[in-house]
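First, the structure itself, so that you have it in front of you.
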Amino acid sequence: MLAAKSARGLVAPAVILTAGVFLAPFLLLLAMSLWSQPPGSLMLDVTPTGENYRRITTDAYYMGGLARTIWLSLATTAICAVLSLPLAWWIVRRAGRFRGLILAVVLIPMVCGALLPTLGIVNLIGPLGVLNGTLKSLGLIERSWKLLGTQAGILIGLVHAFLPLMVLPLVASMDRLPRDAEGAAMSLGARRRAVWTRIILPLCAPGLLAGSALVFCATLTAFVTPLILGQGKIPTFATMAYQQASLVLDWPFASALAVVMLAILAAIGALGWAVRQALPGAAR
Amino acid sequence: MKLSAVLWALLTGAVLLFLLAPVAVLIFSAFDDGKFFRFPPRGLSLRWFGAALESPEYRSALINSTIIACVSTAISVTAGLMAATGLSRGGLKSRALVELLLLAPLTLPLVVWAIALLQIYARLGISGTFGGLVLAHAVITLPLSVRILLATLAGIDPQMEEAARSLGARPLRAFLRTTFPLALPGVLTAAVFSFLVSFNDVVVTTFIAGARWMTFPVRMYSQLRGQGVDPITLAIGAMIVALILAAVIAGELKFKWSRRL
Amino acid sequence: MMSPHVLIDGIAKSYGGAPALRGATIEIGEGEFAALLGPSGCGKSTLLRILSGLLEPDRGRILLGGEDITRLPAWDRDIGLVFQNYALFPHMTVAQNVGFGLEMRRLSRGETRTRVVDALAAVGLAGLDRRRPSELSGGQQQRVAIARAIAIRPRLLLLDEPLSNLDAVLRSSVRSELRELHDRTGITTVMVTHDQSEALSIADRVILMKDGSVVQAGTPKEIYGRPATAFAASFVGNPPAALFPLPSAAAAGAAGWQPPPLLRDAIRRGGVTMALRPEDLVLGAGPACLPAKLRRIEFQGADQLALAEAFGQPLAVRLGRGETVAGPQIRIALPERPLLYDTATGDPVAIEQLAEEEQP
């Protein structure tokens, strides 16, 4: 055990760094979203105004983008959940000594960053890419299947990028399942489907919930994958914010877009927390 | 084997293939001889690798990325190890709150933060500077280090250090002789992941990088948005991905990385 | 006792408001083997950590050889500590573990080597110095921990529950080895245990604790023969003494019990509890014997234990190996001078005092 004084000293640099450099800007963002930038000027007008928010909520472009983004996030989360459950289960119960290797594969999208796998996906699903090339040479299709620049293409990229965020919490929660739970259920007469619906899914619910929240939030704010795989044709909320901040240079408006994203995430967080409380075994 | 088991294995195999495919395609397409990748390729060659190694802009971007990643990793791991030690061995009353704060960057959206940071950096005049980049990278990698090292220290008996002290070792020495060597795999894991996150980051860096300190991912990103895929980018990307893949497989097999995250 | 080797003087410690030690005062003589005995959670480990310097007390002093070491840091104390879970360094060999304290003291390599070999020989582990802790059995790991602590030639050796992580067979052999080691080295030793038979069999002096305070300190014979409180009586012994609150005179009469005069005085006083050790009780007959109902007989190898109930209270009687009982109604002969305590406070009730109280 350390004395409280030295413990505080040890923690201090990290706390200062995180609170000062990470947390403080979020507060400033709220203020900056109320500023304005007269058209054609780079000077900021710091008198508080709700104009930026009015523009977001009344312009169909932004509201449409928001709806599209939420739909993409929901779809990504659902697909990730469906793909992750069998994979996680297989990793925990069947992979045996290949477990490490398979987990390394699962980690790939996380450790390669947002960009490099996206580059591979471009060559995978592009008009001259591996997928279309294979299908064509097999004679299954005549003209290329258009994925790049469509929502389907973006969805492929998002699912790939954020699948680990779902698999890892699921693996962790399945690891905690008592090994004999299924056997016990079966000995009591439960069939395979009942074992899943009555034992495995309820016990994995916290992992599934955590994974879903992570995937949803990550998707909602992703802009690299949608921008590249959508080829700029499919604006999402995050790509709009990116363009305002980085290309249009209307920072107050970009701030307002960012605050809206933050608000949605806060709502998701609160919802997730409420669901978590309602789940059986919430006390743990 | 029963049919259901076969289907199950096929399904998981397909998911694994999906996870692996983009990276595999990336590596494969770097060997395409043509200026624009097409499948099946018309010819294979190593010429783009050669060109990549000779391109000065790419070389400087790679060097920048490496320097920034090394410095911010050093900061992240040092501050992270200190914080994890204080939290896991200190018996602080505010432990839960401090942990929540330190891990917040893992859950809060980085784009949102970057949009704010961009404006603050512009005002302070540190946008595009080495210091500004390192500071931002240290902050986004710190929570990873803290999380990995907290898990590492939780698995090391704190009484070991006390035993060393009762045998005559001063506190720092006791730490360096007992806990630290045992935490080394965790420290290494934290360093590798911090490095990778910093080296690969485009989400935050694209907002604050400048002409003087251009990182490799930011250069690649603007290239992709502008001119589309270029074979030299593919070659460098393939090399980096191959390196990362080898490191992660080795790390997972030796240090169980997925469990430390 | 002359000036004690170790003086623990009014040590108090609380964890965030919850007191773990409430002013414990203990003396330990030079070369003594002392046992700190008490139920788990009574503050034994806390006291040991304060002795070793790993924890600072809120109040009180620690004197070692007449010197006040209360503020001396752990690394300057020369006190050997053996942790309950051993806390061996898994990345070092056995020899490096044992040599660690000597390295900290900057002993020459040759001197270190000899002392390591001696310490390992002392615990019967000669020849294992190249192994890693993970390559040793639990019992061997514990010996390494002990060797590591004695290699620094400590002024005091502290052992925290040294037998609790061993299996039953090892436990009794390690128990006598610990005592032999102490007798050979002469190191003043304090052992913590929650197992009364361990404390009684191994220690010169037993210090019985409860809720952060010392209840009684004395030789094992004193602790067993003259328990200072009802708690002490009910904690020591195998099985420990049954606490038996005396029934009212009316209840005794109704059950056909005519208590001996002494107990009659006690019954008249009221609020008196007898502590009855099974080995002090025998079966008897006649109205002076306690009427009881036999519940069950436990075979224990060397003898038997008759579990009975009298006036709704459980108690046990130790029987000879061949003895048979005709139940279920039995009579139990009580010892001539039973241990009597005040039911409310747990303090002893003196028999003479009872007679006096009777006079007026």
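Here the chain labels run A, B and C in written order, and each chain numbers its own residues starting at 1.
The criterion applied here is as follows: a contact is a pair of C-beta atoms (placed from the backbone, for glycine too) under 8 Å apart; a residue touches a chain by one contact, two chains touch by 3 or more.
Note that the structure is predicted; figures quoted are calculated from it, not measured.
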Inset, instruction - Please name the chain that ends up farthest from chain B once chain centres are defined by their CA atoms averaged. - result: C
Inset, instruction - Select the chain whose centre, defined as the mean of its C-alpha atoms, is least distant from the mean of all protein C-alpha atoms. - result: B
Inset, instruction - Measure off the straight-line distance from the CA centroid of chain B to the CA centroid of chain C, and report it in whole Å. - result: 55
Legend entry - Between chain A and chain B, centroid-to-centroid distance (C-alpha), Å: 17
Inset, instruction - Express in whole angstrom the distance between the two chain centres, defined as the mean CA positions of chain A and chain C. - result: 59
Legend entry - Multi-partner residues of chain C (each touching 2 or more other chains): 54
Legend entry - chain A, residues touching no fewer than two other chains: 1
Inset, instruction - Give the residues of chain B that touch two or more other chains, as numbers and ranges in rising order. - result: 162
Inset, instruction - Flag every residue of chain C that touches chain B in the complex, lowest number first. - result: 16, 52-54, 73-81, 83, 85, 87-91, 100-101, 104-105, 148-149, 152
Inset, instruction - Flag every residue of chain B that touches chain A in the complex, lowest number first. - result: 4, 8-9, 11-12, 15-16, 18-29, 36-40, 79-80, 82-83, 85-87, 89-92, 98, 101-102, 104-105, 107-120, 135-136, 138-139, 142-143, 146, 158, 162, 171, 193, 196-197, 199-203, 206-207, 217, 220-221, 224-225, 229, 233-234, 237, 240-241, 244-245, 248-249, 251-253, 256-258, 261
Inset, instruction - Note which residues of chain A are touching chain B in the complex, please. - result: 1-2, 4, 6-11, 13-15, 17-19, 21-23, 25-26, 28-29, 32, 83-84, 86-87, 90, 94, 100-109, 111-124, 126, 128-130, 132-134, 137, 159-160, 163, 168, 171, 192, 214, 217, 220-221, 223-224, 227-228, 232, 238, 241-242, 245-246, 251, 254-255, 257-259, 261-262, 265, 269
Legend entry - chain B residues within the chain C interface of the complex: 93, 157, 159-160, 162-170, 173-174, 177-178, 181-182
